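Following this line, the structures themselves.
Each of the next two complexes has chain A plus one other chain: chain B in the first, chain C in the second.
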Partner chain A sequence: MTSAAPAREVGSGRRLTAKRTRQLVGFFYALPTLVYVICFFIIPVILVAWMSAHGCKLLTCTIPNPGQLNLPDNYSSVSGNDLFWPAVFFTIEYTVLATVLLIGMGLGLALLVQKGGRWVSVLRTSFLVPGALGLATASLLFWGVYSGAIGPFNPLMDGLNSLGTQLGLVTQTSQISFLGSPNTALLSTTVLIVWKYAGFYMIILLVGLQAIPRDVYEAASIDGASRWQTFRFITLPLLRPSIALSMILCITGSLLAFDQFYVLTKGGPDNTTVTLVQLIYREAFIRQNLGTAAAVSIIVLVALFLLNALQFRGLRGNVAD
Partner chain B sequence: METNSTLSRTPSYVLQGGLAILFLFPIIWAAVASVSPSPGSSQVFGYGLGNYKTLYDSGVGLPTWLLNSVVISVLTVTFVLAVSMMGGYAFAKFSFPGKNVLFLSTLAILMVPSATLLIPIYLLHNFARTVPIIDQIANMNLVWLALVLGMFQLPFATYMMRISFESVPREIEEAALVDGSGTFAAFRHILLPLVRPGIVTVALFAFLAAWNDFFAPLILINSSAEQPLPLALVNLRQQTMGAVDFGSTEAGVVVMSIPCLILFLLLQRYYVQGFMSGAIKG
Partner chain C sequence: MRKPIRMSILAIAAVVAVVGCNSATATPTATPTATPAPATATPTPAAPGAATPTPAPTTFSAGTDDGTKLTMWTRAATQARAEPLVAAYNASHKNQVSLTIVPTDDYNTKVGTAAAANGLPDVLSGDVVFMPNWTSAGLFQDLTAKINALPFKDSIAPGAIKASTWDNKEYGLPFVMDLSVWMYNKKLFTQAGLDPNKPPTTLAEFQADATKIGKLGGNIHGTFFGGNCGGCNVFTWWPIIWADEQQVMSPDGKTSLLNGDDAKAVYKAFAQMVSDGTALMPDSKTEAGPTWTGYFPKGNIGIMPMPASLAGVANAALADSDIGVTPIAGVNGGTATFVGGDAIAITKDSKNADQAWNFISWIQSDDAQVNVIAKPASQGGLGAVVSRSDLANNKYSSSDPRLVMFNSIAAKGQTPFAVNFNAAFNDPQSPWIVLLRDAVFNNADSAKIDSDNNAITATLQGK
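Moving on to the complex of A and B:
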C-alpha cells in the first residue's frame, strides 16, 4: 500500500511524457500541411491585401517594391472602371440563369434516375460523363459545336433552308449565330454549363431524394395524394436542404465563371459577356494594373464571403424547419 | 405506379433514352468531327487523321504539351497525396495545440476565389525565380504550377483523408503500436492499406483537376514550350490568323478527354462517392 502512491506518480509522469511525445508526433505529421498552407495560402492572402494598397504595375511590381501607396484610390477607382458595373450585372444575370437551369435540370434528372436497375445506371453514367471533362476542354468542344464551319447545326440548317426554299417558305437562307449577339452568347454558354454540370447536381439531389423515408410516401398514397401533390407537398419540402446546398455551390461557382467565357466569347461581342473574374484577369494582365486587380479581387472575396454567410444562415434555417 | 404496363412506360423510356443521347452526343460529335473532312482544316478530303498530324507538328508540338500536362498532373497528385495522407492522419488520430486552427485554415482555401490567390501567387512566382537555389530546380515553373494546383486540392484531400482515418477503429492502430511498431510503421503498413478508397478518390480528383486546369497555367506559364495541353489548345486557336482550324482543335479536345473518360469509367464509384462526401460535408 505504501508504494502505491509513488508508483502512481511515476505512472502519471510517464503518461505525461507519452502524451507529450504523441502530441509531437501528431504535429510532425501535420507539419507538411502547415508549411504548404502558410506558403501557398496565408502568404498569398496577406500579399494580395498588400498589393491592393499599392500602385503595383505588372512589369515593375516586385515583392520588396510594390510601387507607391495608393489608398484609397485603388478601391475607390473600382466603381469608375468602365467594365466594372457591366461585369457585375452580367455576372449576376448569368448566375441567376445558370442556377435556375442547372438545379431544374439536376432535379429533373434525379427524379428520372431515382430507382435502381441496370438501365437506370446506364442513364446515370451518361448524365455524369460530361462532368469528367475539363471546363476549358468542354468549352473548346462547344466552340466547335457552335461554329458555322464544322458545327452539326450547319448541315441541319442547310437542309431546312433548302426545304424552305423548295416549298417557297423562305426566300433568304439563314444560319444560327450562337455566339454573335449578347443574348445568344449568354444562352449558348449556359447550355454548355448545364450540359457539363447537370449530372453533378443530379447526384447531390439524388442523395437528398433517397434520404426521404419510404413510409412518408406510403402515408401520402394511402391519403390518396396525386403524383403532383406528392411531389409538391412531400418531395420538395423534404428536399429543401439539398436544394439549398446545390444553390450555394451553383451560385458560388457561377459568380466566379471564367474559362467558359474566355474560350467561347472572349468577353464579346462588345464586352457584353465580361464576368467579374475576367475583369480581374484583364485589369491585371492586359491593362497591367496588378494593384487595382488585387483590389477588385478583394472586393469579390468579401462579397462572396458575405453572400455565403447569408446563404448558410438560410440553409440552417431550412434544416430547422 | 406498379400497375403500369410496358406500353404506358414507353414515352418515359423514349424521353430517358433521348436525354442520354443528348448528353453523350457532343463527345461523340467531337470524336467524329476530328476525323471528318472539312474545308479549312488539315482533313479536306475523306476521313483520316490529318487534324491529329497538324496538332502533332504545330508550334513546339503535341508531344511537348502532352508531356507538360503529364508532368504537372503527376507532380500535383504526388504533392497532394503526400501532404494530405500525413495531415489526414494527424487530424484524425492525434491532438496537438493549434490542430483545429490548422484544419480550418486548410478548409478556408475553399472560401477564397482562385483569382484572388493567383494574383499574389504570380508575384510570389516572380520573386521565387530571383532566389538562386529555387531557380535552379529543373522545370521550376512546372513544379511551381503543380504546387499551386495542389494547394487548390488540399481542402478536399485533407478532409477526405481525415474522415478516412477517423473511420479506422482506434484498436487497430493501438494493437499495431503494442506489437512494438512505431507510429510510422503502423501508419505505413497497417493504416494506409485500410484507407485505400480515400487515397484513390483523392488521387483521382487531384489528377482530373490538374490535367484539366486552364486558369492557373494561363496566369503562371508564359513560354510556349512549358504550356500544358489545354492552354496550348486555346492559344493555338488564337494564333491561327485568318481561317480558324476547327478540325485540329477538336482533335485536341479528343486527346484531352480520353484520359478523363477512361479514369471516370474505371473509377466511377470513387468519383461519385468523392462528389458526395466533398459536396455534402465539405
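Moving on to the complex of A and C:
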C-alpha cells in the first residue's frame, strides 16, 4: 500500500515529505489493526480453507500432514449430512425471531427512556445490566432457572398441585417443561437472548433517537402532527441508519448462535435446536472431522459475507437518503 | 468511488468482529500446530526393575520420586475423587501433581486440540469409553512392560486396562471406578407394601416394584431416568442386556446390536413406565445428564439406576438407612454392571514419564486403594469402589454390606469398546439418543428401531 520510495526526488520535496510523513503516521496508526486482522482473521481463514480441502482429523491433523486431499467431497458431503438442512432452517427461524423481538424490544425501551426524568437513569441501567454478563454465564443462569432438578418451578408447581388437589380443583398434577419440546426450547432460549441483549439495542437506538434534531419535532407539532404521525414520518425514517446497524449486528450474531443453545438445549430435544455453528462444533470435536467442519465454516463465512454486503448496501442507501 | 471501498472495508471489519469471536471453534488447532512435534523425543521404555516388587505393600513404589512437578487433567465429573487422591499423593511424595479440572462436556475438545498441538499434560485421566479413540490416535506412552511388572497386576480390574489396550499394547490403568447399580428407597418400598429387603432380581420385577410405588401418588414417583442423555442410559441400561449374556456391540466396536431382543425389552419396559406415569415426567424426557443423579436423593423416587457410591446420597430428605442397593438385573435374571469411570495414562507429550509412572502406579497401591479410595467419606476418604479385586474386602468395606456388594460386582462388569464411542453414544446429537427417544417416547415400531440401530452402526464405522 505505502511504498517506501525515497521522499526527496523531485523539486517540491518539502511538501511531498510532509505528505509522506502524514501517510506514514496514518499507516502506523492503522498497523495494530492490520496485524490483528492478518493474525486473527486472514491467516485463520486461509488455514480453515486449507483444512477444508483435506481429510484432516482432529487428533492427528498437523500442518505438514493434513491428510489426503478430499475435494470436492468435503463440500459435497455437507448437504448429505442429516443435520445440515434442519440446522440451516432452524438457524434462520431463530434469527428471524430473535431479530424481530430484539429490535422491537430495543426500540420500545429506547422510546421509554429517551426523555430524562427521575427514574429514567435507573431504568436505563437496569435494562443494560444483563448485557454485562457473559453469554455462557447468562445461559447457565437460565439453565438453572429452567431446570426441573434444581430450578424453582418444580417445587412451585408441586405446591400449587397439592393445593389444587386439596381444594379439588385439579385431578391430575402437572409440571412445566421449559426445554422439553421444540417450541418451548426455542422460546425459552429466545427469552434469555431478549433479556440479555434488548438493553444493548436500546442503547444503539437511543443514540439514534437523540441525534434527531429537536426542531424537526417542533416543526411537526406546529403542523399539527399527531404522536403516531410524528413517530411514523419523523422518528422512524430518521432512525433508519441506527435500525439498519442494529439489524446487521443482530442478524450476524444470531446466525452464529452457539453458546446459548449449547448450554441450554444441547441441540435437543430430538435435534430440533441444532444451529449451524453447533453443527460445525459437532463435526470438528465430536466426529473429529476437521476437514468437513472447515468446509461448513467456509460455506457459513461466504453466506455471511454476502448477507453483510447486501445489508451494507441497504445501509449506504439510507445514509444517502 | 471512495465510498464503496470504505464500505467494503467496513463490511470486512464487521465480519471480522463478529466471526472472529465466533469462529474460534473452527480454528483452534490451526495455529498451534506450527510447533515441531516432540512426540518421539520422549523416552518411553521402562527401566528394567523400575517397579520394585516390595513385599510390604504399603511401601510400594515404582518409577521416580525426585520432586518433579507433574501436570494432570481430569474432567469435572471425577473432580470429587481426583482431588483427594492427588492431595494424598502430594502429601506423601516428593513429586507434586498439579491438577487441572476441565468441564466434562468440553473434555474431548480440549484433549483433541491439545493433542494436535503437542500440549497434553504429563498425566491424563479420561472416561474409559473414550480411551480407544485416544489410544488409536497415539496419544499415550506404551506402559505394557511397566504394568506387567506390577506385583498386583492380576488383581487390577481389567475394564480400564482393556479399554486402554490398542494393538496389544497397554496404555492405561484405572483411575477412579464408576459402577452402575439399582438404588431403591426402602421407606417407599415399605409404604407401597413391598419388602424392603427383597429388591428386584429381573427387569420385570423392577418395573412391577416401580409401578407399585408410583401408584402412591402425590409427588412420589416409581422411577426416573435421563431420557435425553446418551451416556446415562449406556451406563444404566446396557447392564440389563449384559446380565442376560447378550451384547450391545460387536467386539470390534463397529456394529451396533442395540436392536436385539433384550434391548427391545428394555425400551418397552421404560416406554410403559413413561406412559403409565410411573416414571417422573416430564423430567425423565428432558434430563440431558447434568442432574440425573440429583433426583434419587430427594427421597421421592422409588427405584432407579445410580452410580455405585453412597457419597452424597443421604441427606435430610433421605436417611442413610433407607438407601437400598442391589445389582442391576437382566430381562431374565442374572446381574451385571457397567465398569465405567476414568482410566489414567501418561501422554506422548510428557517428558517426565518415570515420575508420572510413580504417581499412576501409586494409585493402584494398597495405600491409595484402601486409605483413600475405600475409606468412608465420613472419615475423610472417598467411600468409593476399589479397582483391585484382592482389596474388595478391606477394613472399611466390611463395615457396610452395601460397599462389599459394590466391590464384588466389578468382576461381573463390562466396559464397551469402540473408537467412535462419543459420536455414537454420548454426544447430544448421537444416533443412540435418537433410537432411545424414538423407542421410549415416540412408540417406534421394530422396523424403526432397526433403522435407528443402523444409523448407530454407521457412526461407529465413522461414516
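One rule holds in what follows: the second predicted complex is superposed on the first by the 255 of 321 C-alpha atoms of A that agree within 3 Å, B and C clash if a C-alpha of one lies under 4 Å from a C-alpha of the other, contacts with A are read in each partner's own complex, and residues count from 1 in each chain.
Definition applied: a contact is a pair of C-beta atoms (placed from the backbone, for glycine too) under 8 Å apart; a residue touches a chain by one contact, two chains touch by 3 or more.
Please read these numbers as outputs of a predicted model, since none were measured by experiment.
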Chain B versus chain C as contact partner of A:194, first or second or both or neither: neither
Contacts of A:253 with chain B and chain C, given as first, second, both or neither: second
Touching partner for A:102 - first (chain B), second (chain C), both, neither: neither
Touched partner set for A:287, first chain B, second chain C, both or neither: second
Chain B versus chain C as contact partner of A:177, first or second or both or neither: second
Touching partner for A:204 - first (chain B), second (chain C), both, neither: first
Which superposed partner A:83 touches (first chain B, second chain C, both, neither): second
Chain B versus chain C as contact partner of A:25, first or second or both or neither: first
Superposed model, chain A: greater residue contact from chain B or chain C: B
Chain B versus chain C as contact partner of A:37, first or second or both or neither: both
Overlap of chain C and chain B interfaces on chain A (superposed complexes): 37, 40-41, 43-44, 47-48, 51, 61-63, 147, 149-150, 249, 256, 258, 277, 280-281, 284-285, 290, 293-294, 297, 301, 304-305, 308
Contact footprint of chain A on chain B as seen in their complex: 15-16, 19-20, 23-24, 26-27, 29-30, 33, 36, 38-41, 79, 82-84, 86-87, 89-91, 93-97, 99, 102, 105-106, 108-109, 111-117, 119-124, 126-127, 130, 147-148, 150-151, 154, 158, 183, 187, 208, 211-215, 218-219, 230-231, 233-234, 237, 244, 246-247, 249-250, 252-253, 256-257, 260-261, 263-265, 268, 271-272, 275-276, 279-280
Complex contact set, residues of chain A against chain C: 37, 40-41, 43-44, 47-48, 51, 57-63, 83, 147-150, 154, 158, 161-162, 173, 175, 177, 179-180, 248-249, 252-253, 256, 258, 266-271, 274, 277, 280-282, 284-288, 290, 293-294, 297, 301, 304-305, 308-309, 312, 316
In the complex with chain A, residue positions of chain C that touch it: 3-4, 7-8, 10-16, 18-20, 22-23, 25-27, 29-31, 33-34, 37, 108-109, 112-113, 115-116, 133-134, 137-139, 218-219, 228, 281-283, 285-288, 291, 294-295, 420, 422-423, 427-429, 433-434, 437, 459, 462
Residue ranges of chain A touching chain B (in the complex, touch as defined): 22-34, 36-37, 40-45, 47-48, 51, 56, 61-63, 109, 112, 119, 122-123, 125-130, 132-137, 140-145, 147, 149-150, 152, 195, 198-200, 203-204, 207, 245, 249, 256, 258-259, 262-263, 277, 280-281, 284-285, 290, 293-294, 297-298, 300-301, 304-305, 308
